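The following pair of complexes shares a single chain, subunit A, combined with subunit B in the former and subunit C in the latter.
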Partner chain A sequence: MTGPCHCGRAVLMLALVAALAARGARAADMPSAEDIDAISHTLGFIDGMPHAGTIRIGVVYDGSAEGGGVDRVIEAIAAAAGPGATRLGAIPIAAADVGKPANVDALLLLPGLKGFAQGITSAAAGRHLPTISTDPQCIEQQLCVLWVEAQPRVSVTLNTKLADALSVRVSPIFAMMVKRK
Partner chain B sequence: MRRLPIAFAALLWAVPAVAQTLQYGQLEQLFGEPVTASATGEPLRASEAPVDMEIVTQEDIRRSGAVDIPGALRFVTGIDERVYGANHTEIGIRGYNQAFNPRLLVLLNGRQVYLDDYGEVDWKSIPVQLTEIRQIEVVKGPNSALYGFNAAYGVINIVTYDPLEDHLGVANLTLGMPNEIDGSLVKIIRLGDDAGVRVSLGGQKVRALAGTNSYLAGIPVVSDQNGTAAISGEVQLSPKTQLSLELSATDSRGAYYEGYSYSGVFIRTNSVRVGLSSESDIGLMTLDAYRNEERYSDLPNYGAEHGQVYVLQASDDLILDADNSLRLHGEYRSDQLTQPGGNISYDIYAGSLMWNWRISDRLSFVNSGRIDYLTLHFDGKASPGFGLTNADFANRTITGFSFNSGLVYRATERDSIRLFAGRGLQIPSLYDLAIRDRFPDYPYGPYAVIGNPHLEPTAVLNVGLDWDRDLPELNSKLSAGLFAQRSDDLYIEPSSAPGVPVPTFPYYYLYHATQTGYGLAAGTEITFKGGLKSGPRWRASYTFTTTPDHTGIDYDRRYSYVDFGYSTPRHVVTLGIGDSWGQWDVDLQARWQSEYRDFVAPDQENLLRYDIGAYATVDARLAYRLSDTSSVAFTAQQLNAASQRETGGPNVQRRFLLSLTAGF
Partner chain C sequence: MNLFWQITAVEALLNVAIFAVAVIAYGMLLERTRSWLPRVEQPVVGALFGGATALATLVPLHVDGGAAIGCQSVLIALTGPISGGFSTLVALAIAELGAIEAPHLTETGATLLNAGSFLAAAFAAFLFQLLHRRREGGWLRNRTGQLAMLAILSSAGALGVLALLAGTGTALQSALAATGVNLAATLVLGTLLLHERRRHEAEADLRITAERLTEMNQRLRAQAQELIAARDAAEQSSRAKSNFLANMSHELRTPLNAVIGFSQLIGQDAPVPDEKRVEYARDIETGGQHLLGLISDILDFSKAEAGSLEIDDDELLLNEEIEVSLRLMRPQAERANVMLAGADPIAAFYVRADRRRVRQIVLNLLSNAIKFSRPGGTITVALAAGEDGAVELIVRDDGIGISERDRERVFEPFFQVDAEMSRSREGTGLGLPLTKRLIELHGGTLRLDTTLGVGTAVHVLFPPSRVRIEAAPVAIRRWEVPE
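Presenting the complex of A and B:
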C-alpha cells in the first residue's frame, strides 16, 4: 500500500533539524562549564591574581547581538571554584563599554568580538588584564592572551606577543607546558 | 560520596606567587592528567612525554595496600619485583634483575637515592613515607641524557607533596601478621604565605624471614627494622626566586640476600640538599646541591664502610620562541668510598642539552644529548699479587656520550604515538672499579675482592614504539608498546662474578668484576587502565620480555650467579579490580609471572642455578572510610598461598595487615 509523498514535509523537518543543529553549534562556542573550570585553573598561573577572596572576571560580550547565553556563562562562573582558596565572580561588560573603569582581574571574551578588538586590547593594556577566550579565532585576531578549551582534552594556547604587549606575566613553567603562538 | 576527592588530606592550599618550581597539583587539575619533569627535565603532561613512562599516583599507592615502595610498584606494567626479605626487595626494569641490582636509578624529588658507591638501591633507606608521595614516575628504558650514568635501563623518581603548594597531615599505624609494626607521621606546616615545611617520620619492625639458607643461621638477625626522618622546606624569597632546603636521615638493618646467601647488614644514610630556582631574562635558572652520606657494615663486623656523594647541578630552561625550547644542564659529582682497604673516589663532570621542537600542534620532537667525563682516584697501594698497579687505577678515565630522542604524534584526539630511541650508560660502581676488600679471617677460607679499573661502561641502546588510546566512554586508557634493546659490554660485579682461585697464600679466591659481552632484550607491554566515575575501577596488563644472552658465559662451568638469558620472567600478567560502596572500598589485585632463574648456595663450595617456577600473587584490600581523611583498612597480601617460592631466598609468606590512617 502506498500513500502520498510527504517529501515537502520531510524537507521542512530536515531544514528545522539543520537549523537547530546550527543553533547548537553556535551555542557550543560559548564557554561550557568544563571550559570555565579549565579557565579557573589557568588563572592560578597568571601573575597578579588575588591569592584569596574573589577573582573578578569581566565577561565581555557583544551587547548588540541577540541572546548569546551571557547569563549562562555568568552563572557557570559563579558556580565554579577559583584556583586554590579563591572564589570566582563574574561582571558582565558590554564590548562597547569595555573601556570604562571596572574592578576586574581578567577579561573573558565571548565569541563574536572581532569588531571591538581595538577597544578591548586598549582596555586590557591599560590595566594589564589578561584576556581569555574559548573562541579559537581570538588568537589569530590578537584579542586573547590565552585560548582555553576543555574538550575533547584540555588545551591552552598562550599568545606570547600579546602577553608582552599587555604586560601580562604567567608562570614560566606554565608557559613551557602550553602551546605558544 | 563514593570516592575521596583527592589523596588523604592533600588539598590545594592557596594560589602562590607565580612559582619557579613545578606545581604538580595545580597543573594536574588543569590538564586532567599527571605532569612530570622526569622525561626530559622540562615540565610535560604525562601524555606528551617522549619516553616510555608510567605514573603511579597516590590513589594507586593507597589502594594497593602496600607498606613500602616496592610493594606499591608490584603491579606496574614492566616492573620485575623480587622479594628476598622484609628489608630486601629488588626492582628491575627491562631485564637483568638480580640481588643488589645495579641497573635501576632511583631518585627522590630528583635527588639520587641510588647508592652508586656499591651500585644498588636500598628501598628501606629512602627517607619518604608512602602517604607523602604524590606520584612515582617510572621511566622504562635509558634516560642518561637527563640523569647521566646509571640511568641506563630505567629510572624511578619519587615525587612528594610540596610544602608550598599542598596541605597535608596524616598519621598511619599498621599492624601485621606475623610480627610486624609500621608507623608514619607526615605534616606540612605553612609559615605565612611564602614558606612551608614538610616533616616526615616513619619506622618499621618485622620479624626476619625464616627458612633462609645455612649462612643466615650464624648471623644474629632476629628482626628487620628501619626508620627514616626528613624535613623539607621551601621559601618564596621574591616573586621570581624560590629557595629549598632538605635534610634526611635513615637507619636500616636486617637480612640482605647477596645473591647466594644472607648477610646481616646495617645501613645508615643522611643527606643535605639546597636548591634555588629563579626566573631571569635568560630563562628559568635552577641550582641544586646535595650531599649524600652512607655508612654500611656487615654483621658480624667484617668492616665499616663509608660512602659520600657530592652533587652540584645547574640548569637553565629557556623558551626560544613559540615552537622551540632548550634546557642547558651542567653537573659536577664526586663519589667517595672509604673502606678498610683505603679511599677510592671518582669525579664526574657532565654537560647536557635538551631541545624540544614543536613541529606542529600535533607533533613534537625532543632531542637530548649529554657527555660525562669520569676520573678515578685511588688512595694507597694496589694489592700485590693480583696483576694491577697503582697506575692502572690512577690513569683511569671514562668519557661517555648518551642521548634520548623522542617523536610524539597526537594522531587523533584519542590516539597518540611515541617513537623513541636512547643510549644510556651504566658505569661500574666504585666498588666494581677499585675496591680492595680482603678477608683473611673468613671462616670458609681467605678471599679478596679486588676492583677492576679496566671495566668499560655498559652501553645500552634502546628503541621503542608506543601507542596510547584514550577511551573516554570508559574513562580508560589503552597503552601498547614495543621495545628492543642491546647492552654492550655487560659486566658482572665482583660479588656476582666467578671466584678465581689464587695459588698464593693468603687468598684462596679472588673476586673481580668482569666484562662479559653483550645482551639483547625485546618485548611488548600492554596496559588497560581506568575506572568509571560511579565507582568501579580496573586495570589489566601483559608484559612479554625476552633477553637473549650473548655474553659467552658457560653457565655450566663458571661459578657465576647472574644468568642474563633467564633472569627475567618472559610473561607477566596483572589484573586489578575495585569498587566503592558508601564508605567501603574494595580492591583486588593479582599478578602472575612465568619462570625465571635465580641462584642459591647450599654451602661454601656450591652455587646452584635455581629455577623459580611460575607463580601468582593475589592481594586484597578492604577499607572503611571514617571521614574524608581517615580510614581503617585490612589488607591480605598473597592471599592465594600461605607460602611460596619467589626467589632464591626463603619462601614469601602470606601477610595480613591492619592499618589505621588519620588525617589532621
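Presenting the complex of A and C:
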C-alpha cells in the first residue's frame, strides 16, 4: 500500500519560497520607468517643490559598486514628465559625495546605500531635501522619507519621523491617504 | 483608480465641502439678516468668500499628482458680480492673508503664482462688472454664458501670471486643465450662489406682497366697518324719520281735529250759545297757533340744515328776553304744576344776537324743561358771567333726566328721549337740535349736564365777542306757580 501523495503541498511551498526570493531580488532592483512616474507624481505633493520649470533630482548611488545601472535611471528620469507643468532633471551623486553642495530639489536613493546612511541623512537634513527610494529596506534603515513602488499597484509609504527630522512637509490629504511608518 | 487620483478625489471633495459651506452661509446671511445686511452686505459677503477661499487654499487640488491647479480663486471672481466691487477687495485681502499660512506656498514662485491667480480673479470680477450693467440683485442673472465668460476671464488672467513666472510653454501646458477646473467650479458655484440670491429676492417679494395683502385686508375691513356704520346710521335715520312722521301725524292731527271739530260745532244748524262760540273760537285759534309753531320749527330746522338760516345782529338785553320768556311760559308751567324761578341777575347782560332766535332758544329750553319735569318740580333760569367775558344761560330742572346712552343722540333731529313719555307730552324731537343749531349760528355752544332720574341743566354759552356786561343789575321777576 502506498500512502497519500504530498506532491501538491511541496510544489506550493516551493512556489512560495520562489516568490519570496523573487521579491527580495526585485527589492534590490533599480527603479523602473513606472517607479519613476510614481515618484514624479509623489513629488507634486511635497511642499516647496517648484511649480514650474525643472525639478532636479539627485540620484544617489554607491559609487564603489560595479555597473549600478545609474545611467538607465538618469535616462528614465529625463524622459519622464514632472508633476503638473514641470519637467524632471537628474543629477548623479555618488553616496560618498552626497555631503557636497549640489543644486537639487530631492534625492532618489538607489538600493545598497546602507553604509552611507548617516551622510545621506545629514546632507538631506541640512537642505530639507526629501529622500525617496524604491527599496523597501530604506524605510527600515531610516534612510528615505518616502518609499514608492509602482508594481503591482502604486503604493507610497511615508516615514513621518524622518520627514519631521528633515523638515519635509507634504500635502495633508496626501499624508492622510498614504501608508505611514 | 490609483492612489494619486484617490487623493485628488478627496481634495476635490474637501474643496466642494468648503465651497458648499460658503454657499449655505451666504444663503443664511441673506435669510437671517434682512434688516441690516443691505447696509453691510459687501464687506460681510467679501469676508465670507475671502475666508472660504483662504480655507480652500490650505487644501490645494492636485490633478493626477501634478502641481496644484488653483480653483480657489473662483469665489473671489464671483464675489464682485454677486455682491459688488468692495466685496471683491475684502475677499481678496482675506484670501491673501490666509494664503500666507499655507505650507505649500512657502516657495516664492508658488506664493507669487497663488497671489497672481487671486489678483487675476479680482481683476476678472472688476472687468466683468465694467462690461455688464448692474441690475437688481447684482450683475449676474444666472446666465451660463455670463458665468463662463467670468471663468474664462479669470483663467486667462491666472495663465498670464503663470506665463510671466514660468514661461509661455508652461502656461500653455496648464491652460486646458486650469480653464476646465475653473469653468466647472465657476458654473457650479455661480449657479448655486445665484439660486440663493434669487430665492432670497423671491422671499422678499413674497413678504412685500403678503404685507400689502394684509394692509389691503385691513383697509377692506375698515371700509366694511364704515359701511356697516353708515348702514346703521341710515337705518337709525330711517327709524327716526318714521318716528318723526308718526309724531308729526299725531301732532298735526290733534290740533287739526280740534279746528275741524270746533268749526263744525260753530257751523252746525243748531244754535250755539255765545259764550260757547267764543270758547270754540279760542280753541280753534289755539290749535292753529300750535300748528303754526310746528310748521315754523320744521322750516327753521330745514333752513338751518341747509345752511340758509340767517340771523340778525341786534343788541339786546338778555335779562329782558328771559323775563319775557318766563312770562310767556307761565301758563304752560301752571298747567304742568311746575314752578318757574328766575335767579336774581348780578348784572345787565347785553348780547349782539337775533332777538327772535334768542327768544326761541329760551322758550324751547323752558318748554323742554316743563315737558320733562314731574308735577311739583322746579325749573330755575340763571345768567352767569364767564371768566373770559362770555355769558352763560343755565336752565335747570329736577325732571326725569337723560340716560348716558341718549346724551349724544338728543341732538340728533327727530330723536326723542323716551318715545312713550314724549308721546304723552307734545313735541317733534326738533326742539333741542334746533336750539343747538341756533346758538351755534351765534358762535356759541350748548352743553348738557344731566343725570337720569335727577334732572338736567342746559348750559348755553354766548361768546365774549357778542357779549357786553354792565354792572347795573336789571331785575328778573320771579315766576312762581302756587300750590
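To be clear about the criterion, the second predicted complex is superposed on the first by the 153 of 181 C-alpha atoms of A that agree within 3 Å, B and C clash if a C-alpha of one lies under 4 Å from a C-alpha of the other, contacts with A are read in each partner's own complex, and residues count from 1 in each chain.
As a working rule, contacts are C-beta pairs under 8 Å (C-beta built on N, C-alpha and C of every residue); 3 or more make two chains touch, one makes a residue touch a chain.
Computed from a predicted structure; not experimentally measured.
On the superposed subunit A, the two partners subunit B and subunit C do not both fit; they clash. Touch criterion met: A:P152 reaches subunit B, while subunit C stays clear of it. Applying the stated contact rule after C-alpha superposition, one finds that A:G53 touches subunit C and leaves subunit B untouched.
Contacts of A:A79 after superposition: neither subunit B nor subunit C is touched.
When the two complexes are overlaid on their common chain A, residue A:T42 makes contact with subunit B and with subunit C alike. Once chain A of one complex is fitted onto chain A of the other, the partner contacts of A:M177 extend to both subunit B and subunit C. Legend: residue contacts after superposition of the two complexes on their common chain; A:T160 is shown touching subunit B, with no touch to subunit C. The interface of subunit A with subunit B overlaps its interface with subunit C at residues 41-42, 44-45, 47, 49-52, 83-86, 153-154, 156, 169, 171-174, 176-177. On the subunit A side of its complex with subunit B, the touching residues are 38, 41-42, 44-47, 49-52, 83-86, 152-154, 156, 160, 169-177, 179-181.
Residues 12-23, 26-27, 29-32, 35, 42-45, 193, 239, 279, 283-284, 317, 319, 321-323, 325, 358, 361, 413-414, 470, 472 of subunit B are the ones touching subunit A in the complex. Across the interface of their complex, subunit A is touched by residues 2-4, 6-7, 10-11, 14, 58-60, 62-69, 103-104, 106-107, 109-110, 113, 162, 165-167, 170-171, 173-174 of subunit C.
Across the complex, subunit A meets subunit C through its residues 40-42, 44-45, 47-53, 83-86, 153-156, 169, 171-174, 176-178.
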